[in-house]
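Some structures are shown below for you to check.
The following pair of complexes shares a single chain, subunit A, combined with subunit B in the former and subunit C in the latter.
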Partner chain A sequence: MTDETEITLTVNGTEHTVEVEPRRLLVHAIREDLDLTGTHIGCDTGNCGACTVLKDGEPIKSCLMFATQADGAEILTVEGMEDLPAADDDLHPLQEGFREEHGLQCGYCTPGMLMAGKALLDENPEPEEDEIREAISGNLCRCTGYQNIVRSIEYAADELDARAATDGGAVAAADGERSADAGGEADTFCGLEDCCGGPDASGGDHAGDQFEREYLGGEET
Partner chain B sequence: MKSAPFEHYEPTTTNEATSLLESLDDPTILAGGQSLVPMLRFRLANPDVVVDINGIDSLDYLREEDGYLKLGALARHADVEDSDLIDERYGSFADTAPLVADPQIRNRGTVAGSVAQADPKGDWGSVLLAHEGEIVAEGPDGERVIPADEFFLLPYDTTLGEDELITEVRIPTPEPREGSAYHKLKRKTGDYAMAGVGARLVLDDDGRIETAGIGMTAVDITNAQATDAEQHLEGERPSADLFETAGELAAEASNPESDEHGGADYKERMVDVLAQRALGDAAERAGAVRRKVTQ
Partner chain C sequence: MSSDRERAPDADTEYQHPEDDGPEPEKHCGHGRGGMGEEVNRKEDKRFITGRGDYVDDIKKPGMLHCEIVRSPHAHARVEEIDGSRAEAMDEVVAVLTAEDLLAHDLATMPTLMDDTQDVLVNEKVKFQSQEVAAVIAEDRYAAKDGAQKVEVEYDVLDPVVDAEEALEDDAPLVRDELDDQEDNHIFDWETGDKEETDRVFEEADVTVEEDMLYQRLHPAPIETCGAVADWDPGKDKMTVHMTSQAPHAHRTLFSQVSGIPEHKVRIVSPDVGGGFGNKVPIYPGYVVAAAASYVLEEPVKWVEERSENIQTTGFARDYDMTGELAATEDGEIKGVKVDVLANHGAYNAAAQPSKFPAGFFNIFTGSYDIEAAHGSLTAAFTNTAPGGVAYRCSFRVTEAVYLIERMVKVLADELDVDPAEIRRKNFIPSEAFPYESATGWNYDSGDYEKALDKALEMADYEHYREEQQRRLEEDADKLIGIGISSFTEVVGAGPGKQCDIAGIEMFDSADLRVNPTGNAVLRVGVQTQGQGHETTFAQIVAEELGMDVDDITVEHGDTDTEPYGLGTYGSRSTPVAGAAAAVAARKVRDKAKSIAANELEAAEEDIEWDRESGEFHVAGAPDRSITITEIAAGAYMNHPGGEEPGLEATNYYDPPEMTYPFGSYIVVVEIDRETGEVDFEKFVAVDDCGNRINPMIIEGQIHGGLAQGIGTAMMEHVTYDDNGNVTGGDFMNYLLPTANEIPNFETGHTVTPSPHHPIGAKGVGESPTVGSPPAIVNAVVDAMSEAGVSHVEMPMTPDVVWEKLDEVGLSHQPARNVEFSVEDGEHADD
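And now, the complex of A and B:
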């Protein structure tokens, strides 16, 4: 069973059948078998995130899984961005954001950053800055200091939001991973904070640690 | 670098997987692969045979059943992170999941795989120890339930048999007055813990601590339990003073090594601090009232 096996990958909407060895990484199948070299390899350890692609809508590091494990999966790589409805036959708003906000210098990390950004905006169209930073925390950039990458993703969120407001959500809803319902609800007009994909309420705030604390067990709050 | 070539099997049922493990020579199990794949690429692991369990759909679950919170072997960190059940009832799990590695890795990596990997810097082992958790394994002789405190032997070494497959990790569902928490110190997002502490407290009707559990990350050769600190807590009422002493006892029980992230003394001090914070959160979540008093 070290022999090659046949797998089917749907990459950017096109179905491909490739023969791979069990040890072939997904990133190598994408780059070498399918010749889609936009997905980069920046490290050997899984730290850098340059190889990030969306597998069935979720961001994953394509250097940390074997191609056989993606058999039957839908993969989106950076090459597929301009074919998404939101790109409107031009650059996707995320790509436009990286251009407008100077979100790259050498560009090596950019494909991974774009895919991480895409995954974030699919889930959470109006992210706060800390949510953007969390979403790209698995992606390393050695040029920008991240500041402009965060702005680039904010730019895309604003752009998509503005279009959704104009088009009644048609563009956003047509972008693939988001359901028609989510797009149609037009988060902008919800009017409630932390609603419509907003951040979960989280506990564990330790702002009070400078105080002495007491615990009175047995009393209900 | 590429992995060395290996034979590759994709069972779709647990039975198929366990028969493969029994019949094959020294197979390695591939679940989330977020530690194993880099190890294969660096050839730190060179198995002849890899059994990929990702096709066993019946192992993909996270649910409460028969008095346990059960995570099937394919429950990913992100499944825990996204679960409403976890948010509502399992403080330590809700704390831990978002602190594991980064979003991409959490989408693939599994909780059970992290436990099986037995990296002393892994977070989940400490959480299982704090909760008196169990590891359920399937082997040639059927099912075996291994208490978490009998699971970890050495770094990357456990009492799991070579022909056994972890099918599930589980912890008891919360008592009426139970709270738990996990605190982790790391240099930046995505890093392993420099130190971490998980705590679980069960209060009795009188508000005294009936059961206490404390698990520690990255400060010993395995995930470790702070037994003295646990015993010190039991039977007492939660208080800052009590937790201070428990923190000191946990620090004493820890055995960290100095490295580029900090000296052993510093890490011990961090165990103390993290234990106090985790116990504080656990007590509050168990229903104890936290009163802040300015000094």
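And now, the complex of A and C:
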């Protein structure tokens, strides 16, 4: 096409220069020009929220914005979550929450939900249930019935809160994220009521016992 | 439905604890193996929460072209001329395809799953709005859209007919004039049960009730739409199609039949799929066009539909206009049930159900009740609307059947002025009557309906809400309470193959289990997941059967080049059929492992015992001399006993002897605003029984999701048309899916009544909530107004519909505050 413009997008901390037609949607620039396909498309009317990303910290539907409108902006997509300070080189507490609380099934809405959840917790670290529901009400999920998504976001809020507490309340400013402490207290036991009563599955010496190998990377603790 | 065989091979009773409501699940902590009943976190989650899922639209191939379909703005029109020259002249447009081009390759039409023939691109006449007329193939998705706008089509517009009843009138426009023997819009008549006997029962009955109800047209609307990337490899003469498919193997066979490309030269891959719910069972024209374009142009071609295309053209669900009747004694014993249905099938007969069941499993409409006489009749009609009749999170029309019977039981209860819980209790098939053969010939495997109902009543605090309901009525309160019950029975897990087939292919399923030398394993299955969590639950079955660790088992699915043939995932058939195949394959591996165990433990094979608890073989009487499958695996490859084949693997193709019959009781308490007609959920209780449970966390997730869809059905969703055949509910602005704000928190519970014929006693659960919840919700809304004489409210029960009903029976309250506001404050009143 003839009338392409050069724009700069800083996505997940990396600056990209792309040539786009003025009519090119931001979601297409993200998915097709930058190959970040974690951001999805689920509708043609701006209703589903599968395309939600954070633009300069605000959640936006990237199908409702031209790429050129985001020129110079900082964008966060799902692919950037593991690099956030709170992720502590692993999964972000929101991502953990979705896995622990079964907040996803087909996974198609999940990146958008994570972004909506992130925007909420940045603003409001201790949201009530109805505030969570309101915050994700622009994101459709056809699989989960939302209940576990709400729990997932609550999980993340609690996790971030617990970390802040072990941090002595220190909250890192970077990316609107609280700084992360490594994993909370180490349980001697697996920590689950009525479970095996065995030692913490994420640590300890399991050599020689094939059934007691490191299982879930310590998520349960 | 009865079968020749008595019971499944390998039915294993070790899991079965029927008297048990099931222990509270263990959260999988890493110490158990992650077997049956454990809440193992999903193996598939990591890729989805990190943005690494791989959906069809994420696929990018070198040289890949994009396909955009030109669709008809009219519902009924002859195509006079298509001029693609302006599009073809565009730089980035590679080709414009019409029916004529497809005819040259014999690809102009495709068979539907009900053996009708649908135009891939319209040959002569458009039969529904947005039907596929031409396709533009271009280098870029924007260019393809530009091209599509430049294709000029000349139409001769005809009068459409959108209503099924009008379609059957003598002077109705003929939808299918291309069919030689089709002189009207009538497709077929279907009948079930014993008419004479049922009529006799109705004549002799103390009481009869009748109600008309429409199960409106819905769309499954998974958040990912349908799409495909077709890639013809002229070097290998091979067609690879990545597509949103719930049934990749069956689609391979159909693709081969349609295209003439031999089946071993067709590979269908169903990658990560963003929800299916029945939408991705049929083959749609877009897939065929993409494949045809790739074949002709020898480049990969991507077609991904937009949401409006998805809702307006791909398989809708329901659209059954039903009349139900019940005959009963005056103390509420149901003696007979009658039902008459007018089914709108759209422009083609493209329902997705086993081919010998033109009305699907609708004849399960006697539900959970022991009813001696039943008769059903149905007429299906063509209309100028999109084709469909897919099983939206439903086992082939069981949803319509359950809605009918559960609504009718409420109607009868109100007529007799008895409690709707009591009337159910009185008529349930008693738990000791199983296996039970119904009046329409279904063979129910097991059930304990009263137990599930009792549990739900208790969880819902039923008596309290009954009192509260009365209190509000007496006090003329602004909000009414309504309590709805649904005690449904499902029939899922098709086959058996002799009775159930899709396009002639028997509905078995398969599993292929290979244990590697280092002791881990790969399980390949013929079904496909669209969010159900197969990668976890199937691994749990194997973990349980072989004493392996769930993390040591990888489950693969969706690629026809590597997976064993199967019929796919829909109709809640994955656990009943492929789950059974996985268990049986694992048991075959265990059998083989036994001789290796004997060899390794230096004992006679007869002395080797399997201990499920520890997941090990040991020598009888010497529990210390034990060996695990993991250890045996090495022996199978490095030290296999003479006379045995090396390796450790097994395959099972499982043809179920019977279907399974999950059931449950749902109780919904609603609060209705008498000023606005708004309905709020005060309590939503779901007690499900799906037999033995594999992963309670996943089950609960399935229940939540299905209940939300049930709320969408009851309260919001409807694919509507105007008289000209324009779709007026065809995108997410107008076809409303519930958001987190409309969905309450659900309280779930369970009972456990294992299937006696299933290897692990499981029944399948994914669809119970969508099937069971709509009648519970409608019953609740009706219940709030039933004392005033309301016997039915049509879905979707939007506030205006509910308010009209309230007003009709004198229950509405005037919005007092607003009236005052407008009288006293003229300025604002004008706003």
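Just so it is clear, the second predicted complex is superposed on the first by the 166 of 221 C-alpha atoms of A that agree within 3 Å, B and C clash if a C-alpha of one lies under 4 Å from a C-alpha of the other, contacts with A are read in each partner's own complex, and residues count from 1 in each chain.
We take it that a contact is a pair of C-beta atoms (placed from the backbone, for glycine too) under 8 Å apart; a residue touches a chain by one contact, two chains touch by 3 or more.
This one's a predicted model, so the numbers in the text were calculated from it and none came from an experiment.
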Subunit B versus subunit C as contact partner of A:T52, first or second or both or neither: first
Which superposed partner A:Q69 touches (first subunit B, second subunit C, both, neither): first
Contacts of A:N124 with subunit B and subunit C, given as first, second, both or neither: neither
Partner chain(s) touched by A:G38 [first = subunit B, second = subunit C, both, neither]: second
Subunit A: partner with more touched residues, subunit B or subunit C: C
Touching partner for A:K61 - first (subunit B), second (subunit C), both, neither: first
Subunit B versus subunit C as contact partner of A:L91, first or second or both or neither: second
Touching both subunit C and subunit B, counted on subunit A across the two superposed complexes: 1, 21, 23, 44-45, 47, 134, 137-138, 211-216, 219-220
Residue ranges of subunit A in contact with subunit C within the complex: 1, 21, 23-24, 28, 31-32, 35-45, 47-48, 50, 77-79, 81-82, 91, 95, 98-100, 102, 104-111, 114, 132-134, 136-150, 190-192, 194-196, 198, 201-202, 210-216, 219-220
Complex contact set, residues of subunit C against subunit A: 24, 26-33, 41-42, 44-53, 55, 57-58, 60, 141-142, 221-225, 272-275, 277, 306-308, 519, 530-533, 549, 551, 615, 628, 630, 697-698, 700-709, 731-733, 737, 739-741, 743, 745-746
Interface residues, subunit B side, partner subunit A - complex: 1-10, 30, 33-34, 37-38, 40-42, 50, 52, 54, 78, 87, 91, 95, 101-105, 107-108, 181, 183, 189-190, 203, 205-209, 237-240, 242-243, 277, 280-281, 283-295
Residues of subunit A touching subunit B in the complex: 1-2, 5, 21-23, 25, 44-47, 49, 52, 58-61, 63-66, 68-69, 116, 119, 134-135, 137-138, 200, 203-204, 206, 208-209, 211-221
